[in-house]
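Dropping the structures in below, format is structure tokens.
Paired with chain B in one complex and with chain C in the other, chain A is shared by the two complexes that follow.
Up next, the complex of A and B:
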């Protein structure tokens, strides 16, 4: 219990640091919100009036206070390019991206764990080489390349999946999944390599441990020994890596969503950056950072379920 | 009665990159029901390969049975040649008709499953019991191996149990289906001596109660003497000699067996002798005879430890504050004379290693004084402490880990000399050569790397490295524990020879009472951070007076089959926790002198 409280407190501290960094960086970025709203040819007096009313002339600390206070009270400001409340925009796009992130992670794990276990069981044999080469192939080519391959093969030639676009889950959930599948597969192939290697190395270590010999000496079938006794111990480190990769995924979706015209957070970030929509950038970066952190918290808490040794500690 | 196991001309090969390597060859023996057969040998003798072959587990380590038969009489009376059995049949035999226990109780249980799950899965598989019946049987098993609070243990995870309890659980697992044969592969090697005694006694009782046969694998001749009905001695993959335990110990036929037995110190054999004696090594009688009568050295104190206390913080809470303290070393005082050996003995966690390290300030003591050669080590600043380290060197337990795998041996021995600017150039080379000669390492080794050496040779390098700066004191922390018995004897003899020639003082930290009896001048017994009894070796061994010293000595296996001590269930008092709340001020150590120089802690 103390462990969970400790973790939560450190999450709050980190969230605070994230707001500081995000705020500082977006304020250093060149660009003037008032000018973005009114255009470069606008009247200087009107501009300074708008600056005043937006609070841009306030000391930075006050601006920061406004921003954080607004977020806490649910007023996240308006996007300059979409002319919509940012909170509404983000919550819509976040769902779309969550689908891709979860689906790609599930694809990656579903491929990597069996491949890694297979390699560990047949360590230093041809199966090991096949496993690590195929995992390496996944990571050595950039994921937008995989995206193009997916579009060519599954959308253009086979016609099994749509090549681009997004359908609101509330309209047609099956359609959302279909649209999300190809970008997720492309991302999953990139994620797979690390996870395969991690599964292989942890499983190799665990399979050489005494309790595995003891399990065999009890007469348990080899598949029970490998898939229950050993994998239950190997899953922790693999999930940790998967959690860390969520952060990497949020970088990747910027490219992948734009490539597939999939209008999620990644696509939104890209649009915000392209159009220097500073309030939107500020809030998006914060949300992404917060999600990455909360994912890691979730992984740590999951660890408590997986590994009884942490429960008491 | 028909033998339950008959192994005939077993040969096991291991596939390597450079072709097959023979693990064991031409191994034949039998085991009768109700009999304990001990297979004894040093590392690499093939004893574990033999036992793993009987379970057909050797294949998981890359081995293949290439010749011979392994006949096992099954529960239904039929004979099964294990060497040719299918995986399905082996699945029925393993854990059901043959049980097996292993060396490392700390890693023998799956850390993420409860004790209950690990005890019941074999029962459900082999005996077809349902969950409730299996749990009931598991509880019964935990009772039969005398685990305290068995109901609670079922729901616990392995890390919540002590090493001794875990080994009991492993034994309970092996006994679950009432096997006709129990294979025990070094089951007590990783355990403290009192826990070893308990486990050996437990195996003896279970064998008596169930009439099962036991195949007991060990490197420890003292354990063999205590456990075996018959003995198989192995060396380099072959059987050297087979016989009853009396034959092997009283009239060994083969030279190898004789040498092996000679190198084993027997507790109690030093009775009536005042000075340490070198270990017996066959073919080394001349050297032993040359052992100078102990010089009448004037007894001059080198190391004076006063009220040494070392505590480690236990951190907790959000701010990682110190919430409690481990009292590792608690008010320890002793002196060590020039040219003598003081042994600190005790079980794991008693503080003997922390004490050694605190003296060298490898860890900072909390309070107390350490004087070496009239210099107060505790008050030296960084610079002077570094200089003073030339006088006090350390030899560690694991010669594999204490040498840098990436550096040539000559560079590792030369390094301390360079650090202290004692020599350079040709002089340095000459000094390294001299050190290699001194520890009897061939000069060809100068340019080799640690992985090219055996354990004993590596430990010689570690000793040469410690000697390089002409120290006065060497702290040897379990320096011979990881070595095979004949190598251990050689290294101990080397250390004693160096002591005689160079007047070195040793602080020998050891758990092995038989070794200590042979080599120490003074003995301090540690328990929960304190020295509970200290005095001349003869006084402590002949007249152990503290209850802990008595129980420790009563638990040591003696390498003599006529002195058996583990017939009935034994139970030693478990060691209590050395963790105390902050601000806990334990009472000072007060001693009664019961004979000249022989002190016993007052309760």
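Up next, the complex of A and C:
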């Protein structure tokens, strides 16, 4: 119990630190944000008006206080380019991103676990080389390159999937999945590589342990030994690594959603960055970091539930 | 597996040397304006004898551009990784060596930074500073720092508990001298391995930033920019995407292979 309370306290502290880092990064610019937004040729009156409305004339500490205070009280400010409350925008886009994050993780695991197990079972043989080489190739290509290849093959040539856009799940759930599939596949392929390597090395370690020899000695089918006995023990570390990849995934969705015109959080972040929409940049960057941090926490807690051997000290 | 590892190392080294050679010698051998010269009679030309890798939408030679892109990519990646080592090394070293309160404070900060996806952090810094080559280096360098600091701290923590450090301390050597003379040389192998692997990620990051228009700016040649430009002409000129894509893949593949083997040689504990 004390463990959980300690973790929760540390979450609050980390959230506070995330706001500090976000604010620092978005305010490192020595120049004038208002001029950045409106361009150097804009008229001085409009500039000072914008400065006033953005609160740029206040000291940094006051600006920071306004920002954090606003977020705590539910006032997340307005986006300059979309002219809408940011909280509303974020809650709209979050669903779209959740779909491709979950889908790409499922694709990655569905490919990586069999491939990693296959490599571990046939360790040092050609199967291992094939698996390791394809994993190496997977990490070596930028995921947006996979995205472009997907668009070319599955959207343009074969016409199986739409090449861009997003459909609200409440309107047409099947359509949502179709739009989400290609970006998820491209993300999943990049992710798969790390997970394959992890599965392979964990499985290799487990397959050489005593209890596996015992299971084989008592005449269990090899399939049962590998998939029931060994994999059950390997799945914990693999899930943990998969959870840690969430951070990487949230970076990649910025590229992938922009490439596919898939209007989720990644796309929103990109629009904010491209148009220097400062309030939107601050809020999206904060939300993404917070989500990554909370997911990592959830994975830690999940691991305790999955693996009863872990004692909390 | 052993034979596979040696072959892998060999392929990695050959790939890296080839790319380095191209990146260093290429720009000297190519006529200065060749990469921007537009051959209006051969726009989007498929690979021919005149243009072995084809041309892009402006009739610029893809071979020249991909070679100059190698220079840009490597320059940015190497500078960014050097920057993250310069920032991360003292952070990790001090944190791991002293431990206790300093370690707690520094690592809390590093953990916070790790919650920001590296690409997001790099994109944000680049957007705020204004995208150009120098700021791309800063953006990637800062974004990679927490990862390096984390690994260096772990290594420093391990080395700081070694008997020879204890011996140096009891003979009155100052902390700074111990860090420089005893800890640093012993964590260097891990730093080199991590640096090599970070280079591969830095190449990918530069390509990603440029692809999104927040890295290298046109008309400079960059692999990410070239892939970006190819998007609208994929069906009619697929080579405009394949050539730079392959360049990124070969470079990153070479670095990863080399890094894997380097790890086996320098860092036998990591399996």
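Note that the second predicted complex is superposed on the first by the 280 of 313 C-alpha atoms of A that agree within 3 Å, B and C clash if a C-alpha of one lies under 4 Å from a C-alpha of the other, contacts with A are read in each partner's own complex, and residues count from 1 in each chain.
We take it that contacts are C-beta pairs under 8 Å (C-beta built on N, C-alpha and C of every residue); 3 or more make two chains touch, one makes a residue touch a chain.
These numbers come from a predicted model, not from an experiment.
When the two structures are aligned on the shared chain, A:251 is found in touch with chain C, with no touch to chain B. Of the two partner chains placed by the overlay, neither chain B nor chain C lies in contact with A:226.
Partner contacting the larger number of chain A residues, of chain B and chain C: C.
After overlaying the two complexes on the shared chain, residue contacts for A:285 are found with chain C alone; chain B is out of touch. By the document's definition of touching, neither partner reaches A:107: not chain B, not chain C.
Applying the stated contact rule after C-alpha superposition, one finds that A:238 touches neither chain B nor chain C.
In the superposition on chain A, A:209 makes contact with chain B only, not with chain C.
Contact with chain C, but none with chain B, is seen for A:137 once the two complexes are overlaid on the shared chain. Residues common to the contacts of chain A with chain B and with chain C across the two structures: none. In the complex of the two chains, the chain A residues touching chain B come out as 2, 5-6, 9, 209-211, 213-222, 229, 232-233, 306-309, 312. The part of chain A that touches chain C in the complex is made up of residues 13-14, 17-18, 20-21, 25-26, 28-29, 123-124, 128-129, 132, 136-137, 139-142, 144-145, 148, 151-152, 156, 201, 247-252, 254-255, 258-259, 269-270, 273-274, 276, 281, 285, 288-290, 292-293, 296.
Of all residues in chain B, only 55, 57, 60, 87, 90-96, 99-100, 102-104, 107-113, 121-122, 125-126, 157, 159-160, 170, 173-174, 316-318 touch chain A in the complex they form. Within the complex formed with chain A, the residues of chain C that make contact are 1, 4, 108-109, 111-121, 123-125, 127-129, 200, 204, 207-208, 211-214, 224, 227, 230-231, 234-235, 238, 241, 245, 248-249, 252-253, 256-257, 271.
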